[in-house]
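Below are two complexes that have chain A in common, paired first with chain B and then with chain C.
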Partner chain A sequence: MCSTRDNCQLPVYNEKYRLYASLSFAVLLLGVGVPLWWYTTAVPRVPLPYSGIARLSDLDMRISTRIIVATFARENGELLADEVRAFFADAEVLKVDVDHQVISSNLVSRAYTTHDLEKVAATFDLKVGELLLLEAANLKEDILVGSRRTIYFSKTSGGAELVQILSQWILRDKSLALTKNALAEPTLYSLDEENRRRFPASAAYDVLLTLVNPDPESLKIDWNLPRVIDEYIEPFLEGLSLIANFSIKSQWLYLLPLDVTPKQVPDSSPLGRHYALPENVLPQLVTPLEKKLASQVSLHPCINLVVYTVPCDKAPLHIYTRTGHRSKSASNVEAFLSPRWGGVVISNPPLEVCEEAITKNKETVVVMPEGGTIMGVFLAQLRLLLGIPDANPIKGAALVQLENSKPRDWEFDALLRIRTIEQLTSAKLTLQSLSQLLKEISSIVITETVGNRIKSALDLVERSAELLERGHLVQGFLLSKEAFVTAEAAFTDPSLLALLYFPEDQKYAVYVPLFLPIMIPVLLSLKNIYRYFFEKKVNGDMGKEEETLVEDSEKIKKNEENVKLKTG
Partner chain B sequence: MRYLIYLVISTLLVYGLPYSTAQDDFFDEELLLKPLASGHVYAYFQFTTLWEAPNNVQTFQHSHLFPRGLGEIIGRHKVDELHISLTEGLWNYEKWGYPVHDAGSGAEIFAWFNKNVSNVNNEWKSLTNALAGLFCASLNFVDSSNSMSPEFSFRPTGIVKEPPNSSYLRYSSLPREIVCTENLTPFKKLLPCDSKRGLATLLNSAYIHNTNYHSLGIHFRSVCRNAGCTKSSLELRQTVSLVYDTLTEATQDWSIRKLFGIGIKGACPLASLSNVYIDMTSNETVHVYQLTPSPNTKVTSFRGGQQQQLAVYDIRTYSNRGMFNIAAIYTTPKTSSVTYPSVLYANRYIIGYGQERGSLVTKLHNNHWQSLDVILLENIPWYLPVYLHTVKVICNGQQIKPLIQRYMPGRERTRPYYLELVLRLPPHSVTKFSIELDYLFLKWQEYPPDANHGFYMGPAVITALLPIARNYTALPLDGSTITSSFNASRNGYLVQLRTESLLISLPTPDFSMPYNVVCLACTAVALAFGPLHNITTKRLVLKNVTRNWKKKLLSFVKRLTKDTKDKTD
Partner chain C sequence: MRLVTLSAILSIYLLRANAWEIPENFAETGHSNNWAVLVDTSRFWFNYRHVANVLSIYRSVKRLGIPDSQIILMIADDMACNPRNPRPATVFNNIKQHINVYGDDVEVDYRGYEVTVENFVRLLTGRLPPETPRSKKLLTDEGSNILIYLTGHGGNGFLKFQDSEEITSQELSDALEQMWQKRRYHEILFVVDTCQASSMYEKFYSPNILAVASSLVGEDSLSHHVDPAVGVYIIDRYTYYALDFLEKVEPSSSKKLSEFLKVCPKHYCLSTVGVRTDLFRRDPKTVPVTDFFGSLRPVELTMNIVNVLPAHVNKTQPVEPEVKYTYVSQFPNLSSYT
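Moving on to the complex of A and B:
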């Protein structure tokens, strides 16, 4: 305290120094300390295009499809084109452009076989995704759907049937819309059978063919699996190589019996019995198989194709439907399909072989499975599992039979459309849920790579949608695949989890003991600083303020005197 | 002569009964039982799959007897050779001789990668991760910080086209790994007959995990298909080594049923060879016992100056009548003796006190009358920094100079200390290798949950080519099945001894310390800051008190009553 009067003559100066001290504390702590602390402890988060991702909900995914109607007479063509246009006018996903052309009747009049017709159709330069409705003269049926991108119709066929074929078999507008809606709002829409069977989108699949021999002592299988695969499955998957990468693998498993005991049923066959496998136990067969298939070592979704060979003492084995009927098949092969998992074929040995083994009391029989039949079943199952459904019969319409195992061109186009929609919707949903997650949880680190992936996935989705709108199906599909893969990679990046488990309370435990005792006096001193600078400035204008100040200084003087009196 | 006939039979068995015309792979199952001089019984199972195919990705797409899961992983990571062992217990080289496959306790893995692998470290990391999933073992903890590429100790055992380059080799050991049923089940799943038929039915976890020593092994390599070695085959050996202690039982008699809890049901129908061998060499000398039933054949094998008597049981001929059992009935009272100690054995320990400095000592015993050249590989974790200048190799009071020395200093958290020495051990000597080390203070997050338990240090590997085959059981390099070790005299007999893995207690902090420090430091700062702030920014000013507290209280009460009056008015 003041010892002499001289020292205390300039209380205003003293107050100034004290104010400067508290000002420097405040500047140092609030101006330097807090930003430094903020900078060093902030979670690194790259800015993301949140608005762009939000805008994806309004993104109109439409696939433009061009249909060319070629007729002999102009009016007929126009009529048909109008009918098709009108039917697909309010399609949810498709945008159908219909052109019509007039062709001379002698162009197709000499075409009698489907091969000839295909030749004629080849003169129209059709791109992937486009369709040609071609009037033909010599057709057995009203409408014939070719294996390329052409539908042939005769003069008598009505437009209604053509539209029905287009809608149900080829363009599948309802199925496309359902695929999109069921992904986006799974609670509102339930999947149809086709969607439930199909494997979810992926950039690569493993196809694993397994031959199960439950009793190698009594049954020997003579079958060259790699060769059969090369002959049948390889060409089919090669036809789909644009859609995904397929790698085909095969293995043999031994001593893996069925987990259920089939019931013996007497019948009139030479063996006098067969074994019954009720339909409702079929799911139970898949689980024990799954344990030994070693499909978990695959990096991609694994499509399982299992051949179960039946030994003679349990043969022939037949599947019974729920209603108690035996499925009617002439061959020794029975099959069932497990959605999104794969297919199982039960291969019975030929009756003669078993008969001979029983009469001659042979211990082992050598069986050569019916390769063609089994592979045919597997191809049919693969088509369903990959998303090429069977066409429901329509009256008056026929399909050109498949020449080889490759899918028809229009089936391929339909699959491209379904996959594109699936991948785009799924990429969109992934991006949206990721952006929602990142917005809600502020402690998630967003690294440069994740940020770039999100940005590029968003860009790819938009570009793909634009290309589809303009009718470039293949490019649009490829971009949608890339968008899907990039979005998945961004969502599953392990760096997102880095700080997720760092609890908030630990932060407070560290900060509170430091910040509370230091910050309270500093923050309170801000009030004094404010009063000093701002209230002093305005006291020239307001006399009242000055008075209080004078009063204050008088008070101080009085106090000093008091102090003096007391100390004196 | 008898052996010759047997050889003919066995080749007929291998090549005369190929399973299917379309298939080009064979499966053999064998069991070797060897009563050891110490009174233990050594049981060694070997399941061999030979596949006449080259080692590439296309091969592994279509598999028959070869396990597809393992094949796919091998093909995907372009592995030329792979050795995995999961072991519990320590093999006692001094008393038990040499096992067929040496394995350090815990998990041990080493692999040779193909020459066209660009980033070996990445492949190694993803290979060990995939194998961790396949075997339910913690192999995913293998990374570059505990892996090394030794130059001399591990050579490719299969065929190689060019001289091996150790930069394609990775070796790692996880001494803390505990081997249990969860590893045995996936191991059995890899067998073509699973554990449903054949010798694999004997692998019951309850009888395996109460042994003195048990070790599972997976050994994959490429071997020659023909004499000229123009074509190559893939060989997979799945091995189980067990050591039972018969001295603790009431009688020394043992049988298949007593050891494994079950008799042999029959051969695996897919196996071309399904045999049980019993090493009778010690019969009539160390122990005296009778085998029932009597074996099909007896084989006398001469190998590296040692004569070996083996009883051979072909399971197929015995299992016609159902389950069968092989028993050894001892006619003499319990005996245990060390007749001929092993030629070479080693042990290792840590000396020093305190938690700052220590010294690692490895003792190498040479019982041979000649000097022996050995390779000593020390695998020292990065948290135990060693000093190369303190290396001392002392034998009979004299310092020995290593013939070759390779050293790569470790780097914290990225690389272990690698030290490889080639030593010449004098005849009948004990050589002591020692090196000084520090105990590092780790970051607090690097301590395992039970930090005071300590840290394990993997075993040292001692590689030598023994001149004689005394107590030696391993297969020759060119052989695939146990039969190939009969009459297999070679120039040298390769052994790879593993020493004890050591438990080291590093300085362990009190883990609540960081929080205590934070709280204490913050309180101190706050305590210091408060007065400082007050002194510099405030001044104590005496205020005139006009009224005393009684008057204040009175006026306050007056005001209150006035307020209530106003309100009522």
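Moving on to the complex of A and C:
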């Protein structure tokens, strides 16, 4: 480099190289660098079906349900069908199609028992989700709800009661609508008791049966847990196997006393006392229990079923309701449940055993819990926790008793409907909120996998809604389950947070000091480059046609002087 | 004239009737479970007070009934077992050692270098890797009330995590919005005890959040007192008085959230406690403290029994072959051969 201007003999075409050098800098930085920087720092997002997701808000989720009314007389049937149709005409989630048929009274005249009636009903070809209202001659009650998909009614029964049964027990249209609305608009609707009790939708659940023996020294329990599970709980859960996968586990816990001390109450029993557990301390039993249950081991929601066996020196233990009464008068089994958690059964030893132990001064008693009763309570609790509510009594209507622990067919259908609506609404909301968040928050990454999941979830939601509209409840349910799982997986995929958020102002705080010192000279040199080429062209137009290298270099020199004047 | 007074009285009466009715509706909680996310973001011995802060709140929520499975406790450093701790395995909130906030069993879910902004945001939004154990997940649903408590060193618009990174108020409010969109909470009580704490909640835009901060923007949040044996400040003022209040709350007590908001007046805290209520739809005067700090599971008595006969199990019980145990022959004494 030269120190002063005088002794500096620049070759004429040096200026030209300088210009080409700055030109190449500019091209490299602006043509390669900026796009590369843009590409590597942009939030990677695959294109998503935003319009399809937006369309979901108009998606009409309606479950078509076919009801067949079979009567002896045509007019009666038509009247009834019209009544049912009119009642469900403006139901929010259901679309009820009512057909009526005329049957001969001979068909049911010889059917006296429920079993006979069910046989008659079996001649109608009913699919899952369909219902049959069958007129029957020899009924004790006005209306009898069977354990399959049939409601039997006598001639005298009114349409109003039938509609009430349909609405409250079987189709549960209000509950369906609330399930949907409470999910979609949590600020307007709050969950009802039934919704709060039911476990949220999931593809798999754990059922954990725990036997708690607080004092194994003095109390031996003779009970085969795997066997009672096979006998009672397994058949029930098998009946629901379409809805979710259930895995059942059992465990024994020793030396886990109650956290509260029940009050001793004298009474007239042989032992002369019992212990009272007021209802309002029951919540305090659950929390310490929960700590030891190890229900945390699995990732699925866990339904806890706990048997607390009471040792003789604390027996019998009875629950007192808030009003100060014994919750049950003559039973050794007392129970309560906690919504979305599970149930607890307090199993007292038989009084005779304790009496004998006291009189003969035995140290250890062996107790065999009442398996049937305890499991009956657990089944009642499981039904509630999984979403089969108790039918509140309706005047003139009766239910056929359960023959085995399996839920009734229409209860299963009702549960399918509730779960379908829950899963579809949830999948729909997940997709919508994801698309909304992508608009609001710019740094969420959407990878190929997540993009595909979103697309397939959207497709599944639409297909499921279409199948439901056509009355295919089972297929519709299965697709809704898949849609729910897929949408959930898309939303909670860890890759969405691959770029932890970096607010815009902080981005500039990083980029400005980094790029400004480089970019300013490059951008300024652009001006020179532009002028060089522009003025060369102007000169070329003004001057002679011949373009020799010497002349060129002279021009450059001139230009350079111009530049120097400007910048200097 | 008389008509006017009459109508005025009537209208006042009607208004009062309305005013009396609305809070009644608003007081209904509608939540089904309680969760707590308690975070201490700073490490090193001189930040002993932040660990004491977070353990104070942990102690209170646990005492009031939230089980460990529903408390996510993030502590960046272990003060109880620090070699400089003159009383190992204890953390006290008070020089007189009134309350050992470390207690008997503490279940720390994220500790040490696991306490990062990324883990915290992933925890809130539920985007944890699939292999994460259940105890490190916030498995809340649309019926969950969540208490979020943060303590550490903050500035205007951020809260420092460890010594290397910070969460900005924008990140936090985006995470909360994602939780709301995914129906991951019913209501949130957000409590933050840092310097310039109120800047953390200024950008919130999701509904059903009640936010409390120990200091306003431009103010420092100060510590309460030094324990010469420990050698550092042992608790912050705001949390000290909050714990003082919470110690008097019982699971059955009817103390309201509005009382909790007033636990630390200016002459105690030396900083102004900031409260943001515009996102919260209930009146704090009607909300029990136990809606957020406690969790008594609702309980229903079961009166029904399903009377069924046991299903016939076809499984034949495998006959256990009788095993006779014998002693293994002793190892030969090799010394006789040599």
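As a convention for this text, the second predicted complex is superposed on the first by the 472 of 568 C-alpha atoms of A that agree within 3 Å, B and C clash if a C-alpha of one lies under 4 Å from a C-alpha of the other, contacts with A are read in each partner's own complex, and residues count from 1 in each chain.
Methods note: contacts are C-beta pairs under 8 Å (C-beta built on N, C-alpha and C of every residue); 3 or more make two chains touch, one makes a residue touch a chain.
Every value quoted in this text rests on a predicted model; they were computed, and no experiment measured them.
Student: According to the stated criteria, A:297 is in contact with first (chain B), second (chain C), both, or neither; which is it?
Tutor: After superposing on A, A:297 lies in contact with both chain B and chain C.
Student: If you tally the residues of chain A touched by each partner, is the higher count for chain B or for chain C?
Tutor: C
Student: Going by the contact rule set out at the top, does A:283 touch chain B (first), chain C (second), both, or neither?
Tutor: second
Student: Based on the superposed arrangement, let me know which partner A:452 touches: chain B (first), chain C (second), both, or neither?
Tutor: Once the two structures are laid over each other on A, A:452 reaches no partner at all.
Student: Just checking: does A:231 make contact with chain B only, chain C only, both, or neither of them? Give me first, second, both or neither.
Tutor: The second partner, chain C, only.
Student: Report for A:440: first if it touches chain B alone, second if chain C alone, otherwise both or neither.
Tutor: second
Student: One more residue to check, A:521. First (chain B), second (chain C), both or neither?
Tutor: first
Student: Touching A:249, do we find chain B (first), chain C (second), both, or neither?
Tutor: first
Student: With the touch criterion stated at the top, can you tell me which chain A residues are shared between the chain B interface and the chain C interface?
Tutor: Touching chain B in the first complex and chain C in the second, residues 296-298 of chain A appear in both lists.
Student: Which residues of chain C touch chain A in the complex?
Tutor: Its residues touching chain A are 28, 30, 32-33, 65, 67-69, 117-118, 121-122, 125-130, 133-135, 137, 141-143, 168, 170-171, 174, 177-178, 181-183, 186, 207-208, 251-252, 281, 295-311, 313, 315.
Student: What part of chain A is in contact with chain B in the complex they form?
Tutor: Touching chain B: residues 1, 14, 18-19, 21-22, 25, 216-217, 220-226, 229, 247-252, 254-255, 292, 294, 296-298, 509-510, 513-514, 516-518, 521-522, 525, 528, 555-556, 558-559, 562-563 of chain A.
Student: What does chain A use to touch chain C in their complex?
Tutor: Listed in rising order, the residues of chain A that touch chain C are 182-183, 186-187, 190-191, 196-197, 200, 227-228, 230-232, 234-235, 279-280, 282-284, 286-287, 290-291, 295-299, 319, 321, 327-328, 335-341, 343, 371-373, 375-377, 379-381, 383, 390, 401-405, 426, 429-430, 433-434, 436-437, 440-441, 491-494, 496-497, 500-501, 503, 506.
Student: Going by the contact rule set out above, which residues of chain B touch chain A in the complex?
Tutor: 19-22, 61-65, 67-69, 72-73, 130, 133-134, 189, 192-194, 196-197, 269-270, 515, 518-519, 522-523, 525-527, 529-530, 533-534, 536-544
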